[in-house]
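Both complexes below contain chain A, partnered by chain B and then by chain C.
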Partner chain A sequence: MGYFNNIRETIRTIFEGMAITASHLVREPYTVQYPDRIDLPIQDTLPFRYRGLLDVDLEICTGCLACERACPIDCIVIEAEKNKQTKEMILRRFDIDLAKCMYCGLCSEPCPTGSIHHTPEFEGADYSLESMVRRFVKAPIPAYKPTKGPETDPEIAPLLTRGLRYLDEFASPGDSK
Partner chain B sequence: MQQLADSLLQTGFLQGVPTEAGYALVIAFFAFVLLNFIMLIAGVTSWLERRVWARIQSRVGPNRVGPQGVIQWLADGIKNIMKEDIVPAEADRPLFKAAPYLAMMGFFATFAVIPFGDGLVVADLNVGVLYITAVTALVVVGILMAGWASNNKWALLGGIRSAAQIISYEIPAGIAVITVVLFTGSLSMQTIIRAQGWAPWDWFLFANPFLCIASFIFFVSALAEGNRTPFDLPEAESELVAGAFTEYSGLRNLLFFLVEWGNLYVIGALYTTMFLGGWQIPPITEQPVIQGALQFATFFAKSYFLVFVAMWIRGTLPRVRVDQLMTLCWKYLVPITFANLIGAMIWFVLFPNGLAIMRFAMFALGVAVTIYFFSRILFHLRRARPRLRLNPIS
Partner chain C sequence: MSTAGIEIGLERETPAGLETEEMTLNMGPQHPSTHGVLRFVVKADGEVMRRAIPDIGYLHRSIEKISEKVGYHGFMPYTDRVDYVSAMQCNQGWAMACEKLASIEVPRRGEYCRVIACELGRIASHLISVGTTGMDIGAFTPFTHALRERERINNLLEELCGARLTFNYMRIGGCAWDIPPGFVKRASEFVEQFEPLIDEYNELISFNKIYVERLANVAIVPAEMAIAWNLVGPNLRGSGVKYDVRKDVPYSVYPELEFDVPVGTGERGTLGDSYDRYMVRMNEMKESCRILRQALGGIPEGPVIAKVPRTFKPPPGEVYVRVEASRGDMGWFVVSDGTAFPARTHIRTGSFSAMAIIEELSKGLMIADLVAVIASLDIVAPEVDR
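Our next item is the complex of A and B:
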C-alpha cells in the first residue's frame, strides 16, 4: 500500500506546507532592505569584534611589525626606524590596502596593545583602487612605548583599555559585552 | 475576429482596401495589442513573483524602482535590452540566434485562442484546446535548440531535460484535457466555457469527482510543462548554471524569461477556461461594453489567481530530482489520469446531464477544504514569532 500512502502523504504535506508559507506571506519581513535605516545606526547593533574595515590607533601602536608579518596577503605596509640618539621607534609609514584586505583578523590577534583592530564600519565602497589604501601616518611620529604600571596619560588610557578589551575578547569570546 | 474584419471592410474605414490586405491589417493590429498585453503581464508577473516569494521567505523583495518597486521589471527589461548580445565562438550561430524566437512563437501563438470574454477572442478555433497543446510543444523545440546550439554541456543537459520533461508531461495534461472535452463534446475554448455557468457549483471543477481530480492533474502537469518550480530542472541553478539559457545574454535571454513568465499566465488562463468557468458572469447587465469589461475582469482575476498559486507553490516546494520527476509522471500521474478518464466515461454514461446533488456536494466539500485550509493558516499564524502584519506593503 506504499503507493497510495505516497499519494496521501504528498497531498497532506503539500497542503500543510502551503498553509505554512501562506502564514509567512502575511507576516512582517525579518529583514530590512539594505539602505533603509533602522532606529539605531546599523554599526551600533553589530558585535564588538565585528570584522569591518581595519583601523589603527596610532597613539598606541608600538611599531613591532607583528601585524605586517601576520598578514597572509601583505596588505599592510609599515616603515619604522629606530632613532639612534633617543632609542625611539619612529613610524614613517603605516598603509593598509583595504582593497586587498580579506578581513581575516589575523593582524589584530598578535598586536600587543590592540592598536590595529576591525571596526563595525563596513560601507567602504569607492571609485578607485588608490583611494582604498588607508595611509595612517601623515607625518613621522614616535611609536608608543609601554609604561610600567597603568597608563596615566588621559588621552591614551581609554584607547589602551579599549585595545586590551579587544584582545581579551579574542582570547575568550563572548565573556564580556 | 473575422466578422470584425469583414464589417470593417464593408462599412468601416477599411472600405476600398483589398480583402487580404484588410485581413492582414486587422491581424497585425491584434497581434500588436496582444504582444503588448503579454509583455505587460509577463513583466508585472516577474516583479510580483519576486515580491511574493520574498515575503514568503520573510524578506522584503525589490521595492526601489517606483512605488513598492512596481516598475522594477521595466528597469530590468531596459537593462537587458541594452546589454551586448553575445554569441559564443563555438556556437551554431543561426540556430543560437533563432532559438528564442521559436520559443516565443510557440508561447505567443497560444494567445490567439485564449477567450478573454464572450467576444473578446482573436480566433475561436473549433480545435482550440488541441491547438494550444500543439503550439506549446514548439517551446520545447526552442529550448532544445538553444541547448544544442550553445555548444555547452550545461545548456545541452538543460535542453534535454526540458525536452524529456515537457514531452512526458504532455500525456497527463492531454488526458486531463480530454476528460473535460468528454463532458463538453467540443475542443473549442468558447464552447467549453459556455458549458459551464457563472456560479461556482456550475464550474467543471465541482461538476464531479473525476473532473476535480483531472483539474489537479492538469495543473501539476501544466506547471511541469511550463518549467516551473518544483519542476524547473531545465534551469536548475545549483546544477546547470541556467540550463538551456546559460550562454544567452541581453534581449535573447529576456525573451526566454518572457516566455517563462508569460507561460504562467497561459497556464492560468487554460485552467480558468476548462475548470473555473472562464469569463462567465451573473446576468446583471445587458450593456455590451460593461458586460465585456466585467467578463474580461472576471477572466483575468481568475487566471491571475492561479498565477499567484504558482508563485506560492514556488515559494513552498523544493525542486525535485530527475528520477522523482519521471516517477511522478509515469508511475503516478499517467495511471491515475487514465483511471480517472475511464471513471469519467462511466460517470458520463450513467449521468449524461450531470448530477445536481453531486455538484452541490462537491462545492460544499470545496468550501469545507478551503475553511480547513484557512484554519491551518491561522494555526500557523498563532505560532508565528514575527509580528503579524496584513498590510502587503512593507
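Our next item is the complex of A and C:
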C-alpha cells in the first residue's frame, strides 16, 4: 500500500507545484531586457548612492590626499606639491587604477569637497589593464582653494553643490539627521 | 596512498581473490554543485561512497593577514569578501569587534539600521541556500523563484548602500549611510509581499514528494554529534538544538525584538536530516520577516554613527565577539597592540566546521546524495578558507 501511496503523493505534489508554475504565465513578468527596452537609460534608474566607476572633478580637488590615504588597496596615486612662492598646491598627477578599485567608497567619504565620487557608470570593460588607469591630470594644474563664504565662480559652483550633496549622503558622525 | 595529505586505508573486508578496486573520484574544484571552488576526493565502491574527503584551500585569500596591513577602517570592505553571500553580518562582526576594543557605543538608530540590513541580508542568503538546494538535486524552477525575490532585496540594499553584493555598509561606530527617504515604505512593502511567497515556495518544492525523498533521512546529524562537530547556525538548529547567538549571547538591539528560534522537528524523516536543515532555513526567513517588521516600525531618531577618529587606534587588548551570521555563529577575534593596525585577526566561520563533518556524514551515502549534503549544510566556499 505504501508503494501506491507514494505514487499518489508524488503525482499530487507535482501537480501542486505545476499549478504555481502555471500561474506565473498570467503574472506580470519580473525580468526586463538589457540594455534598452526601458524608458530611461539604465544609469538614470540607479539610486543616487550607486557606487560605479570613480570620477574626479579636478576643479574642486584640494590636493589634500585624504582619498589616497583612505584607499585600502592603494589604487589612487596623487602627486601634489606646494609652490614655495605662491603657496599654492600644484597637482602633477592624479591616477586611479580602476582595474584595482573595489568600489568600496572609502575614498569619497573623507573628501572635503566631494571631488572624488562614484558615478552611476558601470560599463567599464576594456581589453587591456593599461587602459583602465584613468589619468585625470593632463598638465600640472593648481589645486582648488576653498573660499570663505559661498563659491562665486559660475563654473565651479555647480560642481561644488553636487559634491557637497554627495558628501551629505554619508552619515557624518555626530550629525542628527 | 596519500590524497590531499590524508592517509586513507582500505576498510573493506572481502574474501581473498574477490577484491575489486576502489574508485577514487575527484569532485571539483570546478563542479557546478559545489557552490564555489570546493574539492572532494571521493572514495567510492560503485555508487556508494566510502568516504568523501574535503580538500580546502582553493579560495584562500589570506583575509586575516590583510587586516594586519590595511588598518581598522580599511579592512571593512575586505570583510564583505569573507562570506560574500551574506556580507552584512561580516561587516557587523568586524565593526562590533573594533567597537568593543575601543569601547564605542553605537547610536540606537545605527543599531536599527544594522539590524534591518542584516536581516535583509539573511533572507537573501537563505534564499540562495534553499534555491540552490533545489537546483543541486535537479529542480531548476525554484532557483529562479528564489533569485527573483533576492533581486528585490538587492535593489533595496543597493538603495541603502550603493552596492548589491559587497556592501561595505557599516563603519566602526555605526553605519555609513542613513536610511534613504522612502526606504522604510518600500522595505515594508517587500516584507508584506514576501511572506506569502514563502508559503508558495513551500508548495512549489518543499512538500514535493520527490524532493522530500531526496532530503529526508539523508545525512542524519543527531544533536550530540552536531555539538561534538561544532556545527553552528541553521545546521545546529536542524538537529533540534535551540541555540541562536541573537538569543543566547544577545548583541545589538536583538533583545528588544521579538522572534522565535526555529528548530528541526524531524517532520518528514529523522530529526537532524537534510530536510530539517532545509526547513529551518525556510522558517528562519519568516522569523526574519517578523524582525524586519518590528525594526522598520520602530526606527528611533538620531545619528547613525558615533564619533570615531579617522586614525583609529584602540587601546591594547584582545576581544572576541560573535554574531549570528546566515551560516551560524561567526566569531571575530582581534588583538590590538595599540597601533593603527591589528596585531592579529581571526575569523571563526560556520562553513568551516560544516565542511569538516562531511567526511563523517558521507560514509555509506550515494554519490548523488553528497550534493544534497553540501547544499543542505549550506557551505559557501570563500567562508571555508577566508
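Quick note on the criterion: the second predicted complex is superposed on the first by the 147 of 177 C-alpha atoms of A that agree within 3 Å, B and C clash if a C-alpha of one lies under 4 Å from a C-alpha of the other, contacts with A are read in each partner's own complex, and residues count from 1 in each chain.
The criterion applied here is as follows: a contact is a pair of C-beta atoms (placed from the backbone, for glycine too) under 8 Å apart; a residue touches a chain by one contact, two chains touch by 3 or more.
Fair warning: this is a prediction, and the values are worked out from it, not measured in the lab.
Look at A:A157: by the touch rule set out above, it reaches neither chain B nor chain C. Residue contacts after overlaying the shared chain place A:Y30 against chain B and chain C alike. In the superposed pair of complexes, A:G17 makes contact with chain B and with chain C alike. Of the two partner chains placed around the shared chain by superposition, neither chain B nor chain C is touched by A:L129. Between chain B and chain C, C contacts the larger number of chain A residues.
Look at A:A70: by the touch rule set out above, it reaches chain C but stays clear of chain B. In the superposed model, A:Y103 makes contact with chain C only, not with chain B.
Shared-chain residue A:R49: touches chain C; no touch with chain B.
Overlaid on A, the two complexes show chain B and chain C touching the same residues of chain A, namely 6, 14, 16-17, 20-21, 30.
Residues 6-7, 14-33 of chain A are the ones touching chain B in the complex. On chain C, the positions that touch chain A within their shared complex are 70-71, 73-78, 141, 148, 151, 158-163, 166, 168, 173-178, 180, 200, 203-205, 207-210, 301-308, 310.
Those residues of chain B whose C-beta lies close enough to touch chain A in the complex are 52, 54-60, 63-64, 312-313, 315-317, 332, 336, 373, 376-381, 384, 386-390, 394.
Against chain C, the residues of chain A that register as touching in their complex are 6, 9-10, 12-14, 16-17, 20-21, 30, 46-51, 70-73, 102-106, 109-110, 118, 169-177.
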